[in-house]
Structure formats: C-alpha cells, structure tokens
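Right, I'll just put the structure down here and ask away after.
Each chain gets a letter, A, B, C and D, in the order it is written, and its residues are counted from 1.
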Amino acid sequence: MDEINSFGHGNFGIIAGPCSIEDYDSLYQSAKILKEMGIKYLRGGAYKLRTSVHSFRGLGDSGILRLARVGQELGLKTVSECTQIDKVDFMAKNIDVLVVGTRNMQNYPLLELLGKIDKPVILKRGMAATYDEWMAAAEYIIENGNEQVILCERGIRTFETETRYTLDLSAIKVMQQKCGIPVIIDPSHAAGNRALVPSLAMASIAGGADGLMIECCVNPCESICDADQTIEPETLRSIINAVVDLRQHLNRI
Amino acid sequence: MDEINSFGHGNFGIIAGPCSIEDYDSLYQSAKILKEMGIKYLRGGAYKLRTSVHSFRGLGDSGILRLARVGQELGLKTVSECTQIDKVDFMAKNIDVLVVGTRNMQNYPLLELLGKIDKPVILKRGMAATYDEWMAAAEYIIENGNEQVILCERGIRTFETETRYTLDLSAIKVMQQKCGIPVIIDPSHAAGNRALVPSLAMASIAGGADGLMIECCVNPCESICDADQTIEPETLRSIINAVVDLRQHLNRI
Amino acid sequence: MDEINSFGHGNFGIIAGPCSIEDYDSLYQSAKILKEMGIKYLRGGAYKLRTSVHSFRGLGDSGILRLARVGQELGLKTVSECTQIDKVDFMAKNIDVLVVGTRNMQNYPLLELLGKIDKPVILKRGMAATYDEWMAAAEYIIENGNEQVILCERGIRTFETETRYTLDLSAIKVMQQKCGIPVIIDPSHAAGNRALVPSLAMASIAGGADGLMIECCVNPCESICDADQTIEPETLRSIINAVVDLRQHLNRI
Amino acid sequence: MDEINSFGHGNFGIIAGPCSIEDYDSLYQSAKILKEMGIKYLRGGAYKLRTSVHSFRGLGDSGILRLARVGQELGLKTVSECTQIDKVDFMAKNIDVLVVGTRNMQNYPLLELLGKIDKPVILKRGMAATYDEWMAAAEYIIENGNEQVILCERGIRTFETETRYTLDLSAIKVMQQKCGIPVIIDPSHAAGNRALVPSLAMASIAGGADGLMIECCVNPCESICDADQTIEPETLRSIINAVVDLRQHLNRI
C-alpha cells in the first residue's frame, strides 16, 4: 500500500477527501474510511472560491484547524487550497500540502509567497492556460526557492459543455518532459460527473500520471458543494484497488 | 492475437497504416510488417482533404485499388476515408471499412449515402463538434439503414496549440453510454506528435476504448503528409504488445 | 440606395431573406417587402444541413426553382447555400450567388467545383477555422479559376454558450488585409438571438465590413428553422436605415 | 469634449496611457499629450502580472505614487490595476479608478475588498469567463457595498492565435441588459496588434459600448511590455476624433 502515497520518481499518490470541510464528525468519518483504504493524503477545502457570492464559501481558518486536527488524530497528511496571500503562513504552519486552484494559477503574488515556504505545492492548471503558461507559473514558485512543485491537470475550458471541463491527458507526458516534475490528475473536477471518474482515473494511470486527486465523502448527495462529481467510499475503494493493481501490472512490464 | 481485431462488445481492434497510400512497394512493405504484428486492419488515405490547395492530395481511385489489392494479397481488411458523395459506391465495392473524417462529420448528404451501404463506417468526431452533434451525425447513418457505425475520437480544437488537437478521453464513456456503439481513439492525429502516441494509446485502453487507429509506416520521416505523428513499426510493435497485455490484464480483473 | 447593393471596393451590400424557402406566397411576400426597402439580394435555403436527421431539411431543387422565380419576378438577385457537389451545376444555372456554409468550409471537392463556375461564391468561415485555414479554403476556389469570392464571418465556436457562436469582428480587417477580398458579416447566425442583431450589424459596419447577411421573414415566429434569430421586417428596415446613414457618415469623414 | 469623459447613462469615456508606468518624464510627456487631446482618464500599470517570472513587473508602489502625482499635476483622473489584496487600501487612497485584470476576475478575496472602497472599479472579463461568471464576479463587488462597477471586455481565449484574444462585441448588449451597468472595451489587449485597434474601437462604439481603454505612449516601440499593440499618439488622436464624431452622429439619429 506504499504504492499509493508519494508523487513522482516512480511513486504514485492518491489524495482524497470531501470538497469542503464540513462538521468534525463527517470529516473524521470520511477520513477514517479513507485511512482504512490505505490512503495517506486527506484533502478538504476551507476557503472556497465560489462563482456565486451567495454560495457556501467554506469554514475558513477553523476549517483548516479542523482538517489539521483530523489529520493528526489519524496520521494522515493534509492537503488544502490556499486562495489568498494573507493565509500562506497560517496554512504552511498547519497543513502538509498546499494547493493553488485553477482560478489562481496566474495569481503571481500568491505564487511568489508559496515559493518561500517549505511545503509541497500542488499547482492546478488554469482552465484556459497553455502548457507554457502553466510551466511559467510553476517557475514563479521554483525560482522563489521552493522546488516541491506538483502539477495537477484538472480539465480545460472548451466548447463541450456535457462535461464540466475537458480533461487533457496529453498534459501528462508534455509537462513531465517539459518541466521534469510530477503531474497528477483531478478527474472529479474535470468531469463534474461521478460516472466518468473511474474511467478517467484508469486512463490517467495508464497514460503515466504520478497521482490522482479524487473528491469523495461519506454521503456524496448531501455534500454542500460540487455534489455531482463526488463519489461514494465504495466507488473510491474499487478505483483504488483497480489503480493499485494496474500500477503493479504496468511496473512489471 | 484475435484480441486486436474487432470492435466493441468486449472486443478490441487496432487499425494501422500510412497516412497516405503511396507507391505499391512501400504500402506492401508497411502492410506486411503490420500483418506480422498480428494487425488485420490496414488503413491508408487516397482522397486527402488537405488544408492547402498546394499540398499532395492523394492518389485518388488508383490509391483505393492499390489498397484493395494489397489487402487481398495479404489477407488484411482495408480502411480508408470517403470524402465525397460520388465515391461512396466505388469505395463500398473495394474497401472493407469506410471512414468519415473530422471535416465531413456534418456533411449530411455524405452521411445519408453511407447509411445505405453494407459496410462498417467509422465516424470521426468533428473538431468542434459536441457530443450531441456527434451522436446526431451518427443517427444520419443509422436511420438510413446502416447500423455498423463506430465512433472515433480524434481530438477537438482548443486554445492549446502545442498538441495539434486536444484528445478528449471523456468521450469514451460518454458516447458509449449515450449511443451504445463502439468508440475508438486516433491518438496520432490528436497529438500531431509521435512522442505522445504510446501514452495516449495506453490511456485510451485503460479508459475503456474499443479500439485504436494509429498512423504508421516503414519510413515515417519520408511520409509525404502528417509526418510529425507517424510512428515507426518498432514503436507500433511495442504499443501493440503493451496494449494487448493491458487488455488481457484488465479483462482478468 | 445603390449604397446597399454590391460588395467591396467601397461598396456595401445587404443580403436578406428567410432561413429556409417555404411556400411561394410567404417567400414572395417577404421578398416584396425587402425590395421595397431597397434590398437587391434575396437569400433563402433549399438544402438545409440540419444537425438532427429529424429536422426539416428544406425543399431541395423545387425550393431553388421557387427562389429563382421570385427573384426574376421581382428583379432581385438570389443567394443560396450549395451543400453538395452534385448540385453545383444546377444551382449555378439558377441562382446568382452561391454560399458555402460553415460545415462545408473544408469540403474541398465542393470548393474545387465552385472554382469552375462563373458566379460569385460567399465562403462562410468554418466554426472552428483559423484565419489561415479560411484563407486556404478561399484559395481552393480562386486557384480553380473563380476569383469572385466573398468571405463571410458568422461566428466561431467558443466556451460561451449564451450566444450561439462568438462573432469575431477582428476577422474583418485581418482577412481584408490577408486576402484582399471583401468580408461580410452574418450577425443572425452568430448571435442566434434577434435582440443582438442591430448592435452587431452596426458594429460590423463601423469595423469596416463590406456587407451584411441578415435573416428576416414576414413572420419570424412561424419560421420553421432558426426562429430565434430571425428578425421582423420592421426591425430590418430600421437596421437598413441606420446602416445606410452610418455608411454615408463614415464615407464623408 | 465632455463627450469622452464619463461612463454609461449616455456618456462615454476614453481611458488611455502606457501599459506600464515607466520613468517620470515619459509618463508626464504621454499624459500631457493625452490631456491636449481632451482625454481625462490616464492609465498606467504599476504591478504587472507577467506570465514569465523573468519579465519586467512594474515599479510597484513608487509607480502608483508617480501616476498619482502626474494625475494631480495635469488634472487627470488616474486608472490602474490592483493585483493583490494588500494593495487595495493604498491604491484606493492614491488612484481614482481601480482595475481588476483578466487573471483576477475570480480572485474573490480581492473582489470583496474592492466592494468595500468608495472608488469606481473596472472589472475586466476573465479570458475564459462566461457572461454569467462575469456577472457573478461583479456581484461580489456590488453586494459588498460598492455599486460603481464598470465591465470591460478585453477578449476571450479561443483557438484563433493570430489575434492575441478574440474580442467578443456581443458582450456589450448582453452584459448591459443582464447587469444594467456600463460596458467598456479594451481593443488593445484583445487584438495584441496595433493595426486592428482603430477598426475595433469604431466597431465598439457603433455596437453600443460605454467607453474605451486604449494603450498608448509617446514611443510605442520602446515600451517595455506589450509593445505590439501600443499605438502612437497620432493614431490615438485620429481614433478619438473618429469616435467623438461617430458618437455625435449616432446620438443625433
């Protein structure tokens, strides 16, 4: 099961958890189930960038502290999105891996600060960013001193609207070769449709991805945001089994 | 090796061959190598839709007859693109599988005629076609009486220009479920870059594709058109081995 | 009023008429009203490329003959889309200006035949065609001997879905300079929304367009296809007045 | 000349100035020329969001103070982009109109702070933002208490690469009707090509825009960034004359 817990250089990681951090009990419950599956990276959002000013925007600082507490209690590494420059220090103190979301890929003041911390940073691709712009954004972090950058393809905006975004799996090889850093895939936000997550997860592995970030919680249908793509733990378990099996098979070849 | 020679319903096919049919010797040479690898579908273009009026546009009817001859000599099924309504009968008489290219996906007069023949038709996705428009195009063929339709995702046009098109692997599950017909992938034309073909081919299989169409010839660098994505036979052989192995593994699960 | 009846070289034309040719009376009625407004180009579709196989697809040959008859009776030049190679001769015999629609911009066999007739050809931009691909398509007509090519921008496919397509008015200057041939605008099909047609028509003129193609009929709400963007004659009259006035003003500067 | 100095409700404004604030002399020189043309809004960037970490990124705070000083000396209103939350107060104290750039349209923490100041905010459209997402971003500012929002269309990202972005002039009427707030156009950044600026500026006016933002400086070719689209003062003068004349004509109708 070490198979699924680090990124790049032949290793492979799976990050899972709910879209938003909600109450302590449901977060702990989700996290415990994930831990039992062998997952060591727990994600959850505290500062949500919601398109509508009227949407639930997360628990903020208290959400981060709750995620950190659950992580410590269960021995899980924590992963969460940093959305503003004045939260970088607070998050770097409490969270293990910081995420830059698609809407902030070109928030250069944020990238510069993330270049000065000593925590891994997952840089999601801007929904309209070219490979070169994405690489240039990674350089903002790296040139400021933090080389622990992981790229995350999460779908680009195209004319097709049946999927929320179009997952671009060519990005795996292109960016690995162009940047020499790990590339993971978020099939949940790309598809916006839980029925597509297993297929896209398997395609990502076979295409050479260094990891997956998957949205999952105990009761997907009651998730406050992004419910359409959130999978149930049973589906995640079967994805993990298939993915681990596929990776072992591919490594044997 | 039956593994790689039919489409859908649990079967899986690989179509390979040069972009354009060229002289008899090099076509025969390519085809013989493909046959030795276990491939039974030989592709080659005779009527090329080239963006520039000054580009080589294929050998026309004599190319079709040459492809048919090589197919018969080697016992390979032949696959070629039909680009105009006045060639449907001629091609249906000589070729085993007809292809509708991306630029003709909404050439409805052509689709209607292809609905009246008794040969399988591979319908490539229009480079700017939504899933619904693609399905509607397939219906033009089916409603005219020909139910042997195979869909082929070959990349859509997006803002990213480093790859020629953006291969949309979500199309596999979406279209299989929406239409109930096989979906194959053309990684060569999508990427426009031979270095990406192996990764995208493997991702396609793991994502559930029913087949692959791959551009390959004896001497890729001398290919008259589309040379950038054409792979050498050795690369194709290793892709086929990996794909067959992966399919067998996935089927065992 | 000569102001609105030719294309390019300082002249400016407006083409108007219904999306599809319907019964004789309503076509004649629409055409008479257009003639009274000073318009000399009557459009109407006979062979419709409809996305769904179940949609009304036009009257075919009899529609062309009806359009030609109304044109002759009222002294109007006729404009209609040619969708297949086996209709080129028939249309060239009966219609004054042939149109290549967006779905056929890269139907090269059709373009080649249109290069051999002696009638003006309006080449609409493919919905996913770059400027260079559009110019290359025009060259297929010109290099085959027909220099009477008029380009028509009708919107490109983007991620924005509130308008049917995104009208790209930069195309006016880019293509005039690149190709040296007239560029007209179809605001009706671009917007898919009659409320936007007046604004886009005026923007086109001020941006330097050589003409407009506008969908209009006597009873827009009963139009069989494309009803959302079809304007009423009164709106067309006010657009024409504003456009003629604007052109005169711009020419005085 | 009052004609060109306010936005919306029948008024029309032109904002002009260099991309980046450079040395005092060249800024003063440019500003003086603009003032002589009748322009009252002077723009200039101090915090530049540059794609490459190696590009010139503006003078920062001292640039803002320089812009404010030149504005006061010449009696011009100042306009500049605010790129991070910790600069909102400083800019609101020194600058008359704050701009949110395309890369920050969904930087919600920034929008919320801009909703709490008493200065007009120009909200540029995200390069991949739909009309609805753009409106939702405007609501972040308005619902936090600042109703002085002006929308600025500056081009969206499409497959066409000959222009830097595709200017979407349908946005004028759609957003005016949807939001009831002024819509101005930035033809310079949309086109990325000075040859297209006059045509797009005129099209914007005729299409109903409430204002223009144009990049201009004394010596365009020496401009440190974005030199391709920067026009010379003489070109700006002729655009202003044509625009004022066109507005007066349209208002008379």
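In the analysis below, contacts are C-beta pairs under 8 Å (C-beta built on N, C-alpha and C of every residue); 3 or more make two chains touch, one makes a residue touch a chain.
Being a predicted model, the structure only gives us computed values, none of them experimental.
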Where chain C and chain D overlap in contact partners, by chain label: A, B
Angle, in degrees to the nearest 5, of the Cα rotation that carries chain A onto chain C: 180
Chain pair showing more contacts of the two, B-D and B-C: B-C
For chain B paired with chain D, centre-to-centre distance based on mean C-alpha positions, whole Å: 48
Whole-Å separation of chain centres (CA-atom averages), chain B against chain C: 35
Overlap residues in chain B, where contacts from two or more other chains coincide: 128, 132, 157-159, 161
Arrangement of touching chains [line / ring / star / complete / other]: complete
Footprint of chain B on chain D - complex, ascending: 157-159, 161
Partner chain D, residues of chain C touching it in the complex: 128, 130-132, 156, 158-163, 166-170, 172-174, 177, 190-191, 195-196, 199-200, 202-208, 242, 245-246, 249-250, 253
Chain B-touching residues of chain C, taken from the complex the two chains share: 47, 49-53, 57, 83-86, 103-104, 106-109, 126-128, 133, 136-137, 139-140, 143, 157
